[in-house]
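Below is one structure, written out as structure tokens; comments come after it.
Order of writing sets the chain letters: A, B, C, D, E, F, G and H. Residues in each chain are counted from 1.
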Amino acid sequence: MTSAELLELLEQLRQGRVEPTEVARRLRGESTVDLGFACVDARRGLRQGFPEVIYAEGKTADQVTRIAEAIWKREGRVLVTRLSEEQAARLRRRFRKAAYYPMARCLVLERKPLPKRPGYIAVLCAGTSDLPVAEEAAVTAEAMGNRVERVFDVGVAGLHRLLGKLELIREANVVIVVAGMEGALPSVVAGLVARPVIAVPTSVGYGASFGGVAALLGMLNSCGSGVTVVNIDNGFGAGFAASQINALAAEGRS
Amino acid sequence: MTSAELLELLEQLRQGRVEPTEVARRLRGESTVDLGFACVDARRGLRQGFPEVIYAEGKTADQVTRIAEAIWKREGRVLVTRLSEEQAARLRRRFRKAAYYPMARCLVLERKPLPKRPGYIAVLCAGTSDLPVAEEAAVTAEAMGNRVERVFDVGVAGLHRLLGKLELIREANVVIVVAGMEGALPSVVAGLVARPVIAVPTSVGYGASFGGVAALLGMLNSCGSGVTVVNIDNGFGAGFAASQINALAAEGRS
Amino acid sequence: MTSAELLELLEQLRQGRVEPTEVARRLRGESTVDLGFACVDARRGLRQGFPEVIYAEGKTADQVTRIAEAIWKREGRVLVTRLSEEQAARLRRRFRKAAYYPMARCLVLERKPLPKRPGYIAVLCAGTSDLPVAEEAAVTAEAMGNRVERVFDVGVAGLHRLLGKLELIREANVVIVVAGMEGALPSVVAGLVARPVIAVPTSVGYGASFGGVAALLGMLNSCGSGVTVVNIDNGFGAGFAASQINALAAEGRS
Amino acid sequence: MTSAELLELLEQLRQGRVEPTEVARRLRGESTVDLGFACVDARRGLRQGFPEVIYAEGKTADQVTRIAEAIWKREGRVLVTRLSEEQAARLRRRFRKAAYYPMARCLVLERKPLPKRPGYIAVLCAGTSDLPVAEEAAVTAEAMGNRVERVFDVGVAGLHRLLGKLELIREANVVIVVAGMEGALPSVVAGLVARPVIAVPTSVGYGASFGGVAALLGMLNSCGSGVTVVNIDNGFGAGFAASQINALAAEGRS
Amino acid sequence: MTSAELLELLEQLRQGRVEPTEVARRLRGESTVDLGFACVDARRGLRQGFPEVIYAEGKTADQVTRIAEAIWKREGRVLVTRLSEEQAARLRRRFRKAAYYPMARCLVLERKPLPKRPGYIAVLCAGTSDLPVAEEAAVTAEAMGNRVERVFDVGVAGLHRLLGKLELIREANVVIVVAGMEGALPSVVAGLVARPVIAVPTSVGYGASFGGVAALLGMLNSCGSGVTVVNIDNGFGAGFAASQINALAAEGRS
Amino acid sequence: MTSAELLELLEQLRQGRVEPTEVARRLRGESTVDLGFACVDARRGLRQGFPEVIYAEGKTADQVTRIAEAIWKREGRVLVTRLSEEQAARLRRRFRKAAYYPMARCLVLERKPLPKRPGYIAVLCAGTSDLPVAEEAAVTAEAMGNRVERVFDVGVAGLHRLLGKLELIREANVVIVVAGMEGALPSVVAGLVARPVIAVPTSVGYGASFGGVAALLGMLNSCGSGVTVVNIDNGFGAGFAASQINALAAEGRS
Amino acid sequence: MTSAELLELLEQLRQGRVEPTEVARRLRGESTVDLGFACVDARRGLRQGFPEVIYAEGKTADQVTRIAEAIWKREGRVLVTRLSEEQAARLRRRFRKAAYYPMARCLVLERKPLPKRPGYIAVLCAGTSDLPVAEEAAVTAEAMGNRVERVFDVGVAGLHRLLGKLELIREANVVIVVAGMEGALPSVVAGLVARPVIAVPTSVGYGASFGGVAALLGMLNSCGSGVTVVNIDNGFGAGFAASQINALAAEGRS
Amino acid sequence: MTSAELLELLEQLRQGRVEPTEVARRLRGESTVDLGFACVDARRGLRQGFPEVIYAEGKTADQVTRIAEAIWKREGRVLVTRLSEEQAARLRRRFRKAAYYPMARCLVLERKPLPKRPGYIAVLCAGTSDLPVAEEAAVTAEAMGNRVERVFDVGVAGLHRLLGKLELIREANVVIVVAGMEGALPSVVAGLVARPVIAVPTSVGYGASFGGVAALLGMLNSCGSGVTVVNIDNGFGAGFAASQINALAAEGRS
């Protein structure tokens, strides 16, 4: 609620056009659906342009389904991430038309897809083992109304693979770079493009990769200016942030 | 060099309008100034819209000055970060017109300031001790042609301070959130605004803050969607990334 | 044994009313039941108001059952935490009337429930995945004679959910706040209430959450004054400490 | 602001007894004093019973003094912690009557001391080197209106020292236990008393104490039920939490 | 080979009583049995008083059996630690008379037991879950010719359990103290006895116990003088070191 | 492409003997085979003397097979490491003549073996449990055209085992030393030989070995001059580096 | 107090030969001297054979002196460790006859030295930089009545240095091994001697030695059986434990 | 001593041409010079081609000088690393002809320089702040008889700087790559050259670089095959290992 809306609301109250209890209710935020085990945000689509996203890990298949129902009913659009096979099966029995992306472990349910923004997001990954995370980023960005270009397996040990795709990358509005092991790819990319680079470390590697910590530290210490970083394996977060940035670009253009 | 430019260059070569050695030189990247101890990028302003930025820590005052001279000569614009008192004094003897920001530990030198883009970047910090990092972000963003709104000392332990500035924050194109200790502020902000949020952990704290690690981990694990993170105390990186995003918004609008 | 009791006992000895061996025995603490693999405290209920609690992890189902029998026989009240399915089944074959709480993984066995103290403990959690830990805290507190109000899924990314329940929280004597990921909820709560806040980090999260370390560090570095912290996933410890505090309040009132 | 207060305020608005802008101001939280570099909470004494406490580390002597002035003016009571010698000297030039506690590194300024609550808080420490932290806890608790009993240098390597003071400890409402090195003292104390135990790890030690991490981990993993923990060297936090608990006990009694 | 033995050997060589190749062989250490995958020390019993001990983890059942055969043949005494069920079954098919200790996961094979030394080793543990490690220590010490007194489940949260067994502990030549969680027991024991204390941290615990790191750090930082520490869960190492110390005591006595 | 080759190519272009698009193609590096999920380097054998090696972990059996086919077709030689049983079975159905090394978890496929270089690489390991890593190093080195001498189970706790093999080790061109636990073997070996020593820490150990970290740190801090280190369990990397060094020796000799 | 002593005391009480208050005092442990900031153990010499040792770090010079006076008065023997220059100067002004060991940073004050036990303790160190820690161990052991043989700078990178001193080492009753960097020396020594080996990691090293952590981990994971470990730089602890062991050997012999 | 030499020596003994004590002496390694605080290896030049190198950190200026004298006397060549200003001044008063390299913090003293081997070692660094470490590597390699090519400030954020020097790098026998921050340069270099790459992480960076840990992990996890790594800031180790490899190449050629 903006300041103007608040003054407007209070003015209505003074004029007796709304009741004090109604004003209190609106100021108290009863815009949630209380399921007991969950307190679903029922108006996030309105406030932030996309409904609350369900992170399925650590929830029962039944909990996920009931939260999805609450959001579907109010928003007509649901994105679920980190679905296990079992959770996905349960959800798809309930929602026959849901699109399930096994590599990305995401499920998308929508009355109709969002219109695509102009421009695109490039999603790069360093190796074949990084694909699940890269796909989570790509599917998230697509579900949120963005076009995506995938540029996979272009790690720094074979630079010519990356340089061969440079034009496609440079034309993007935002670049997501997914890499495990030493996580060096974002630094190299940031030196070659002038657009925002979002780095996603993955848990790909062994030994002193410490489940993605080596890649994470590499990205946080990137000598490439302007690289920002999300959590290990957090493809969703990168896709979401990239969508916010791309939306900003689109707004300006329209 | 884009593909089109390359084909153009090669076409010129075939027509005998340039010499093979010249083409080799251009392909080999002699766009650097070699100072022996440093290999300065002489055309970054051209390629990325802003010249190479000098990170002064670990360099002698003399090295910093000589690199600054090389960039100044070719680009007419220099930004130096993490200056010690001594380095700053040395630089200012050489460049009398340089603007020095002691709290931010930055120095800006410019023939004429860049024109300001439409829209602004909000820079928030949680506590008074976070000011140096917040100022580094703000000065960087300003030097790169952005307007900045500062919203300081609005940590989550006194929510009303943050909520009282909410409108100003929501109107920004990008929000930089600087916080030490538990680093909770970006999560709360991300839940309240729909714009990209860049989180900067600081080394403010003691004991189990581990020099900013607690804040860094808090931000990487933020439950607020779309939060991206830079290194501990890296105000510069946040300002740079925010500027890239703001530029994207401005481009669209123009 | 207080100093007064000791002098009393020694006085009795001097008067020949007790034997030296009896005094030695009482000073040596034979108030334990030795099972070989366990040395059960047989009088903790007397000393601390609640019998020894059995932590089942790492014990065989048989060991748990035999310890429970020893406590049950002397104290008439048993609380077991961190029960596996198998251990629970074994115990319930032996104690038909035991109440088992699968989400909390706790079992309570009591001749008659403790009378409820005045006032209540609020148990908050940030997300649905934190429920098992929150329930362990709640069940522990209830078993120890406290009333509990549950306020679940009120994480900081959607502040209005928390603010909507603020009155209920502010009226509690003690507030337990359970959160994973960045663990920011206790800081926000501590800024809004004037009562003791006990923070419980959970292992909910992935990547740089490091099994709950991010939340733990966040809580230890909380900018909210008066937040105290227990081990990761230690719902029991929080429930126990909250009960001690609530007992103190109740004592004063009576 | 409670719900009742809010409805009351809105009712006044409807009756035209207050202006909409005034209501907006109160809802927006202009209860802060904006110093530019700090946003001081001007009514915390009202809301939480004690004014905002100033943590001096990382602030300039001038910043500390100006924040102290703002709080002093509105609340008539100031507590500053983690003062350097230099900051303390600067503050005392401004506030001649301030009481400065060099070992605790705290400064207390008050029109008149708070009345003392019934009952007391016991502050224990394991070794002589832990004194600064223990004193920070004690001075904090005293400044907040509590009586304190100090029991120092009673580490577990010489159990008879602790057992000799047991009665004094058992009579306390809350027990603060400060220890470095292996941090074992809280576990032993928690097994001997039935009151809430707040453990404070200190950075006393060397080598594998890792600046207090060993003690911190020891306390978080305490086998003594009901031990809660604060950050390394956070005597203030322990004193504050103990005061909240003691206040609860006092409220009940009155 | 002592210096005296070496001179003796070289003297024999000069006198022509041994061949140069034989001397070379003895100096080169052909006292090993080469199995290709293992290089078994065939004379350790002679050199150190007990044959090479087989650590079974990470070896195949077949490899363990073949190494055991090589040692058995030359030394007539075999100790195997960290046996899986499967490895144990395989070994017992080959060596029908082997004594297997499932809780300790050890197997002992001996033509005849070693005579018991005078005096005994006390093996303490803090909780029931520490039993496997305590038993590994006890079985190792017994196999090496020592008498052992077991004192189990005497953790510091119930001090009277420990104090009740104090005489038995004080009479030992060496005390092994096994504990998980915060690992405080060795500190308390070291303050009560004047004998060498060997501390064994265990991986018992959860959350911030980090698989035994909390206990390990606690023991390394013990305020009790003279505590030495072995690796997490290394009951074998503690039993071995205790046996060396006890042997020293016995030697002196005889 | 060397500078000479580039000038040559450009000269050809000027003379009209090649097309600009062909030159662009060669400069852009279309020497890759794009499989969508993988971007295979098709000429690494030409550039670096050995084709791209397939790291199988984290790839599906199908992905591994398709990448192997692409390399096989162009290079006639394939090395796959870190194969699971299932991946190996799948590959061997496709490539009947592949040699599979189960202990090393490697698969080698070659039209004809590379000729062996003069001199050899010594591969040492400290214990039987280190064999899989040592074998990965040995098989890699052999597949790349080197002779290998294996010296296994020569850990420092029984120095005579190592000293007995010293001549064989000293005659090698390069020495690979594989060790877990405390990782002390490379330090001792480096003090005894004058050749390059490559240290490979393994994850063998438990407790405070932290999955190989103890061995890794030991090797990085080796007091033996000239020891270089690879990742934990990275037998492949050590074999590859040793082969590069051995090749350098062989080149000189020829 | 042993059980026999307790019964004796209680018997005296029954017979009226002592007062109840006296018995209470003795059971309560008034065998301490309370200095306010310290609670000195006044009878440790009686109980454990050596008075309480003063660890000077973190104490003021004045505190150290006052504690020393209390111990000196009752025990006639004082050992102070980790003295700074300033603390040492202050102490020596008070105790003119104190022997100060600057390399070991220890001070010894004794009416007359303890008689030396038969047998000796060998103190080894790996490099010259380890001397301060080795000397702390040696001076401690000597002050406690042991003969010491120093064997310095015998690190594993030059094995012949160690082997040249082997006889001297093998004849010791206990061996203390001090080493920084990778901490490999104890493993090698433990394989060559049959006596207890106490390993002391030092903070000597840089980079990935992490202030002694690499050495500490190396020693905890030692493949040499029977190695026990103390804290980083804890020469005192090693000397104390070695003295306890040597005392055991001596007792047996007498 | 090789086996042949040993047999020869023993044969001489049998023939009475040497005394047993002489043989014992040679087998016992009296090839050391015992300075009490140091045990100098007097024949390392003979055994390994270069005398023992003195690591000055943690030694007094006097100790360094005396060790240097011992080596100088026997070997006529001394290399000292990690010299402080003060140590350097002290050494140069004693050795007037010593060459001191302040940036590398090395001192070289030689009767006559070693002849240079054919071929060269390339030393790269990523940024100007890495120069001290790069120079330590270069000076070490030069002192050991190698030619060195320096290629400085070629970090991955400006790839064209590196590509512009590629030929020079590819022609080297060995490549040392020095980098701080994310440490990505070795991965990129390893993909471009076919020679051994030795990576040196530096402590350049801040925040999550953790004193070089980020760079170290990046290098250990390098996706570039054949990269080996040394300790953080260990320029000496890299120079030494590169010299060993280069020597191998030179031997072959001669």
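Keep in mind that, in the parts below, a residue touches a chain if its C-beta (ideal position, glycine included) is under 8 Å from a C-beta of that chain, and two chains touch if they have at least 3 such contacts.
Because the structure is predicted, anything quoted here is derived from the model rather than measured.
Asks: Starting at chain B, figure out the least number of steps needed to reach chain G through touching chains.
Replies: The fewest touching-chain steps linking chain B to chain G number 2.
Asks: Where centres are the averaged C-alpha coordinates, which chain has the largest centre distance to chain C?
Replies: H
Asks: Name the chain whose C-alpha centroid is most distant from the C-alpha centroid of chain F.
Replies: The chain lying farthest from chain F is D.
Asks: Distance from the CA centroid of chain B to that of chain H, rounded to the nearest Å?
Replies: 38
Asks: Determine the centre-to-centre distance between chain F and chain G, using the mean Cα coordinates as centres, and give it in whole Å.
Replies: So the centre of chain F lies 49 Å away from the centre of chain G.
Asks: Just give me the whole-number Å value for how far the CA centre of chain C lies from that of chain F.
Replies: Taking the average C-alpha coordinate of chain C and of chain F, the gap between them is 54 Å.
Asks: As a quick test, compute the distance in whole Å between the mean CA positions of chain B and chain E.
Replies: 59
Asks: Quick one: which residues in chain A touch 2 or more of the other chains?
Replies: Touching at least two other chains: 3, 28, 158, 207-209, 213, 216, 220-221, 225, 231-232.
Asks: Just spell out which pairs of chains touch, all of them.
Replies: Going through each pair of chains, those in contact are A-B, A-C, A-D, A-F, A-H, B-C, B-D, B-F, B-H, C-D, C-E, C-G, D-E, D-G, E-F, E-G, E-H, F-G, F-H, G-H.
Asks: Residues of chain D touching chain A in their complex?
Replies: Touching chain A: residues 3, 6-7, 10-11, 13-14, 16, 20-21, 23-24, 27-28 of chain D.
Asks: Name, in rising order, each residue of chain F that touches chain G in their complex.
Replies: Counting only chain F, the residues touching chain G are 126-127, 155-159, 181-184, 187-188, 190-192, 205, 207-210, 213-215, 217-225.
Asks: Could you list, by residue number, the parts of chain A that touch chain C in their complex?
Replies: 28-32, 36-39, 41, 44, 52, 57-59, 63, 67, 201, 203, 211-213, 216, 231-234
Asks: Using the touch rule from the top, collect the residues of chain B that touch chain D in their complex.
Replies: Interface residues on chain B, with respect to chain D: 128-129, 131, 152-154, 158, 160-161, 163-164, 204, 206-209.
Asks: Quick one: which bits of chain B touch chain A in the complex? Just the residue numbers, please.
Replies: Listed in rising order, the residues of chain B that touch chain A are 2-3, 47-49, 53, 167, 170, 173-174, 194-196, 198, 216, 220-221, 225-232, 236-238, 240-241, 243-245, 248-254.
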